[in-house]
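Following are the structures in question.
Each of the next two complexes has chain A plus one more chain, namely chain B in the first and chain C in the second.
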Partner chain A sequence: MNGDKVTKALLFLSSLTILLLSAGIVLSLTGGAIPAFREYGLGFITSTVWNPTSGSEEYGALPFIAGTVITSLLALLLCIPMAFSTSLFIAEYFRGTRTAGILRSLVDMLAGIPSIVYGFWGFYALRPLLISTGLTDQGFGIFTASIVLAIMIVPYATSLSAEIIAMVPSELKEAAYSLGATRREVIFNVIIPSARSGIVASFILALGRALGETMAVTMLIGNANIIPKGLFSPGNTMASVIANQFGEADGLKLSALIAIGLLLFAITALVNAAGKFIIRRFA
Partner chain B sequence: MDNLLINNISRRNRTNARLKYIIIAGAVITVVPIFLIVGNLALKGYRQINMAFFTEPAPDTFQAMMATSSGEVIPGGIANGLIGSLLMVLVASLVSIPLGLMTGVYLYENGTKRYANFIRSLTEILQGVPSIILGIIAYLWIVKNITRGYSALAGSTALTIMMLPLIIRSTEETMKMIPVTIREAAFALGTPYYKMVIKVLIPVSFSGLATGVLLALSRILGETAPLMLTALGSPSVSLDLTNPVSAVPLLIWDFYNDPNMVNLVWSASLFLMVFVLSMNLLSRSIASKHKYI
Partner chain C sequence: MKKIIYLLVIAAMAASCGGGGTKSAKEKQVTLSAAGATFPQPFYNLAFKKYSEEGGAVINYGSIGSGAGIKSLRDQVVDFGATDGYLSDNELAEMPGEVIHIPTCIGAVVIGYNLPGVTGLRLTPALLEGIFLADIAKWNDKRIADENPGVTLPDMNITVVYRSDGSGTTYIFSDYMSKVSPKWNAQLGTGKALNWPAGIGGKGNPGVAGTISQSQGTIGYLGFEYAYAQKIPMALIQNSAGNYVEPTLDSFSSAATVEMPADTRIMITNSPNPEAYPITSFTWAILYKEQSYRDRTEEVATATVNALKWLTGPDAQAIATSVHYAKLPQNASDQASVLLRSITFDGEPILK
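Entry: the complex of A and B
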C-alpha cells in the first residue's frame, strides 16, 4: 500500500506543475510590466503614442488594442457565414454522409496549416488579388489580415457548432416537420434556437483564437503603430507589435511590450473563460 | 384565400430550396482556400525540393542572388532548420509527454474534486494562451536568467508549455472512455496502483494517447512566434541546447524577409505544411480507427 501512496503523490506533484506554471506566467508578466505601468500608470492603456526614439521615449497600448479588437472582430464577422453554413452542411443537410466526412476533414486541414504559411500565402497570393480590385494600393492592412484570420479560425468555430447542432434532439425536429414545417423553418425555428448558446460559445472561442494569432497577422497588417483609420489602413495588433519589436527591445520598451503581452493574456483568458462558461452553463 | 395559401406554400418551398443552395455555396467557399493554398505551394515549391534541400544548411543571400539571377535553383536547403526543429521538439516532448500523461491520469483519477477542477480550469486557460506570450515567458525565464542569451533550451521551454495542456486534456479525455470495469478488474486482482496505471490505463488508451501526442506535435512544429523570441535562428547546424538554433518556421521567416530567397520560402513552406498536415491526418486516422479505444 505504500507504493500506492508514492504513485498518488507523484501524480499529485505533476499536477502541481500546472499550478506553478500558471502562477509563474502571471507573476513574470506582471513583474515585467511593472516599470511600464509605474511610468505611465493606467494611461498606458489609453495612450495612442508609440515612440521608441531614445530621449523622447513614450509608449501607449491603445493603437495595438484597437488593432487587435478590430481585426479579430472583422475576422469573426467574415467567419460567421462560413462556419455557419459549413456546420449546417456537416451536421444537418448532409449529416452522416461521405460528403460531410470529406468536408469535415478539409475544414480540419485548415486548422493544421501553420500560421506562417498562411501569412506567406496571404502575402503572395491574396495581396495581389486585393490590389487588383483597386480597393487598396499596397494590399497590406486590417482587411487583408482579417480575411486570412477568418480562414484560420473557421475550423474552430465549425467543429464545435457542428457538434452542438448534431446534438439537437431529433424529436424536436420531427415534431416541427410533422406540423408541416420546411427544412428552412426547422433550421431557423428549432435548430438554431435550441443550439443558440453553443453556437455563440463556438464563435467566442474562435474569437479567442483570433485575438492571439501572431505570424499571419504580422506579415499582412502593414505594421504601422497607429489606430487604424479604415478598412484598408495598416495597423498593428498586440501580438504583431510584440513579434516585430521584441527582438531589439530593452529597458522601458521591453517592459511596455511585456505589458502589452499581459493585457493580451488577460483579454484572451477572459474571452476563453466566457466561451467555456457558456458551454458549461447552457449547452 | 386558397390562392393565398398556395402562393404562400410555393414561396416557402422557394426560400427552403434557396437556403440549401446558400449553405452548399458557403461550405464550398469555406474549403476553397485549402485547395488554393496547397495548390499554390505545390506548384511553386516543388522545384527546390531535392536531396540538398534536406542535407544542406540555408544559403546566404549572396549565393541565392547569384543563383536566382542566372536562373538556377538556389543551392542549399533547410538542414539547419530541420535539425533545430527536431532538437527543440524532442526536448519539449521528453518533458511534456511524461508530465502531461501523469497530470492527465491525476485529473482522471480525481474527477470532480475541487483541486482537480481548479487544475483542469488552469489547463484550459494555459491552452488558450497565445503562443507569443509563451515566447515572452521563455525569454524572461531562460534567455535572461539561465542561458543568458538566445538558446534552443528557451525555445524548447516555450514549446513545452504549449504542448503540456494539449497532452493533459487528450489524456484525460481518452481515459474517461475506458470502461470502469477494466480498472476494477485490475484492482480486484490485487494489482498495485502504479501497475494499474502502467499496465492497464496507458496500454488500453494507447491509440487515444498517440493521437493526442501527434496532434500536439503537429501544433508545435509550425510554431514561429515563440521561437522568434527564444531560439532566434542560426545559420549553422547546431545541437547545443545553450546556443541559438534555427527551426523550419524560423527559416521561412528569414527567407520571407530576404527578397533573394523567395523561391526557397515556397519550398520550405510546402515542406512544413506537408509535414504538419500528414502528422495531423495520421493522428486523425488513428483516432477514427480506434474510436472508443
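Entry: the complex of A and C
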C-alpha cells in the first residue's frame, strides 16, 4: 500500500465523518421539530405563550428568541468598548511590549474559564453588587446575564481584532507617520479604516458565541418564560430553556424544545456565515 | 504505515480483553441500572452504595428526572425506573407490559423563605395561592400579617422562586395547590413544569435553595432535605384540619396514614390526618411485573426484585431517615412487599 494513498484516504474519511455528523445533527433536529411545527406552524416562532401544563399545553418560542437576541446584542454592545480598546492596546499602541504580551495571555486565559465559573462569579459577586445599586430586587435578569456574557465574549473579539489590526501593512502606517501624523491620527485615520471589516467580523463571530451560551446565562437570567419587560426583568434564552426543561420533557414539549434548538442552530449559523462573509469580502 | 495499523488492532484487542477481565473479576455482583426522579436521589445514592457494600447488586442510578425515568422503563433500557408522580392510566396503557409501583419513601416539599429576622412564618393555602399567583406583592401585606401576629414583616417585595426545570418537586407542590385552590387549578393546574405568572426560576433543588438563601425577600418551594441542609427557614403550613404544621419527618409520615389502594397509586398531599404536613408524597420505583423481557436473565430479574425488597425494608428505611426522608408507614411497606411478591419471571414468582 502506498503511504500517500493511505493518508489521503484517512483524511478524506475523517472529513467525511465531520460532514456526516453535521448533516446528522441537522436531520435529527429537523425530524424532532416536525411535530411542533406541524402543530403550530410558523406561529411557533411568533407565539409568546409557553404553557407546559397538560391539558392546556401551548408552546411558543418568541420569549426565548427575544431573550437570546436581547442578551446577546446587549452583551455585544458592552463588549465592543472593552474588546476594541484592548485589541488596539495589544496590536498597535503597545505592540511587542512585555505589557501587551501579558495582557494578551490574560485575555486568552479569560477564554479558557469554564462557563459555570462565570455563572458562579455572576451569582455571588456581580448580583449582590447590582442589588446594592437599588436598581433591581434580586439581581437576576437580562442585564446581569448580558454583563457576564459580554465578559465571556471579550477574548474572542479581542484576539481576532488584534490579529487583524496587526495585519495592517506597515507601509501605510509609515507613510502616514512620514506625513507628520500623530499616533492617534494613524490609529483613527489609517488603521481603523483599513481593518474595519475584519474588526466588524470579529464582533459578529463573538456575537455567535453569545447566542449559544447556556450555563452562565441560566444561573443569572431568572428563567422566567416571558418576553423581558425591561433591562432588569428576568427572562430566558433559547439555550437556557432547553438545558432547563429537556429532562422531564416528552411528546409535544420535547418537540417544541428541539424546534427551539433548530432555530438556535439556524440563527447561530446565519450569524457565523455573515461574519465569515464579511471577512472574505472585505478583508 | 502498516505498523500503525497493526498497533491499532493490537490496542483494540487489548481494550476488549481488558473489558472482559474486569467482568470476570466482578462476576459475583450483578450490576443493575436504574434511572428517574431527582427528588429521592440523595436517599437512593446513599442506600444503593450501602447495598453494594453489603454484597448486594451494584445499582447505577441515573437521576435524570421522573419523565425520563418512565421513558427509560418504557424503552426497556433500565432494570427499574423511579418517579415522583405515579403513572396515569394512559401512561400505563402505553407501556409494553404491566408496570408495578413500589413506594420507596416519603418526601416533602417545603416552603422556604429568606426574610431578615423572621422565623416560624405561618402560611395558609389561601396565602400560598396569593403569593405564588402574584396577587400578594409585599411581605407586609395585611393578609400575611393577619396569620402571623407578633411577627414583624418587612416592607419588601415578594420574589417567588420556582423550578426552571421540569421536576417532581413542582408536580407535588402543584398537586397540593390544585387540591386546595380552585383558582390555582384553573390557572396553573398540576404538572412538572408550569406557566408561572411571576418570579424567577432556579435550576434544580440546589438552584432554588441557592437563590433563596442568597437573596432577601424570596420564597419558594423545594425538597425538605435541601432546605434542611442549607438551613433555610421553612414555613408552617395550615393543613386540612386547620392546624399549622411544622415540616418534620413525623408530620410527613402522618400524611401517609391513609387507606392505600392496592397498586399504591395515591397522592397523599392534603392528607386528612390532623397531624400531617400537607405537601408530602410517596416516591416510587417502577418495574415490569413480568421480568423476562429483552435479553434479561433470571439472575438480573432476581437481583432487581431483591434490591427493591431491601430498599423498602427496615435497613434502607433507616437510611432514608438519616437523609431526611420519612420512612414508609407500615401499611405502605406491607403493600410494597405484597406487590414485590407478585413479580414473576417467565410466569414463575421470583420471591418464594
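One rule holds for everything that comes next: the second predicted complex is superposed on the first by the 273 of 283 C-alpha atoms of A that agree within 3 Å, B and C clash if a C-alpha of one lies under 4 Å from a C-alpha of the other, contacts with A are read in each partner's own complex, and residues count from 1 in each chain.
Quick note on the criterion: a contact is a pair of C-beta atoms (placed from the backbone, for glycine too) under 8 Å apart; a residue touches a chain by one contact, two chains touch by 3 or more.
These numbers were taken from a predicted model, which means no experiment stands behind them.
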Which partner reaches more residues of chain A (counting touched residues only), chain B or chain C: B
Chain B versus chain C as contact partner of A:G3, first or second or both or neither: both
Partner chain(s) touched by A:G247 [first = chain B, second = chain C, both, neither]: both
Partner chain in contact with A:E171 - chain B first, chain C second, else both or neither: neither
Touched partner set for A:M219, first chain B, second chain C, both or neither: both
First (chain B), second (chain C), both or neither touched by A:G139: second
First, second, both or neither for A:N51, with chain B first and chain C second: second
Chain B versus chain C as contact partner of A:F123, first or second or both or neither: both
Overlapping contact positions on chain A, where the chain C interface meets the chain B interface: 3, 6, 123-124, 218-219, 243, 247
Of all residues in chain C, those that touch chain A in their complex: 1-2, 64-68, 71, 157, 159, 164-167, 188-196, 198-203, 207, 210-211, 214-215, 217-218
Contact set on chain B toward chain A in their complex: 12-13, 15-16, 19-20, 22-27, 29-31, 33-34, 36-37, 40-41, 99, 102-103, 105-107, 109, 115-116, 119, 122-126, 128-137, 139-141, 161, 164-165, 168, 192-194, 197, 218, 221-225, 228-229, 249, 252-253, 256, 265, 269, 272-273, 276-277, 280-281, 284
Parts of chain A lying in touch with chain C, wherever the complex brings them together: 1, 3, 6, 49-56, 123-124, 127, 131, 137-140, 218-219, 222-225, 234, 236, 243-245, 247-250, 253
Contact footprint of chain B on chain A as seen in their complex: 3-4, 6-8, 10-12, 14-15, 17-19, 21-22, 24-25, 28-29, 32, 81-86, 88-90, 93, 103, 105-121, 123-125, 151, 154, 158, 182-185, 187, 208, 211-215, 218-219, 239, 242-243, 246-247, 257-258, 261, 264-265, 268-269, 272-273, 276
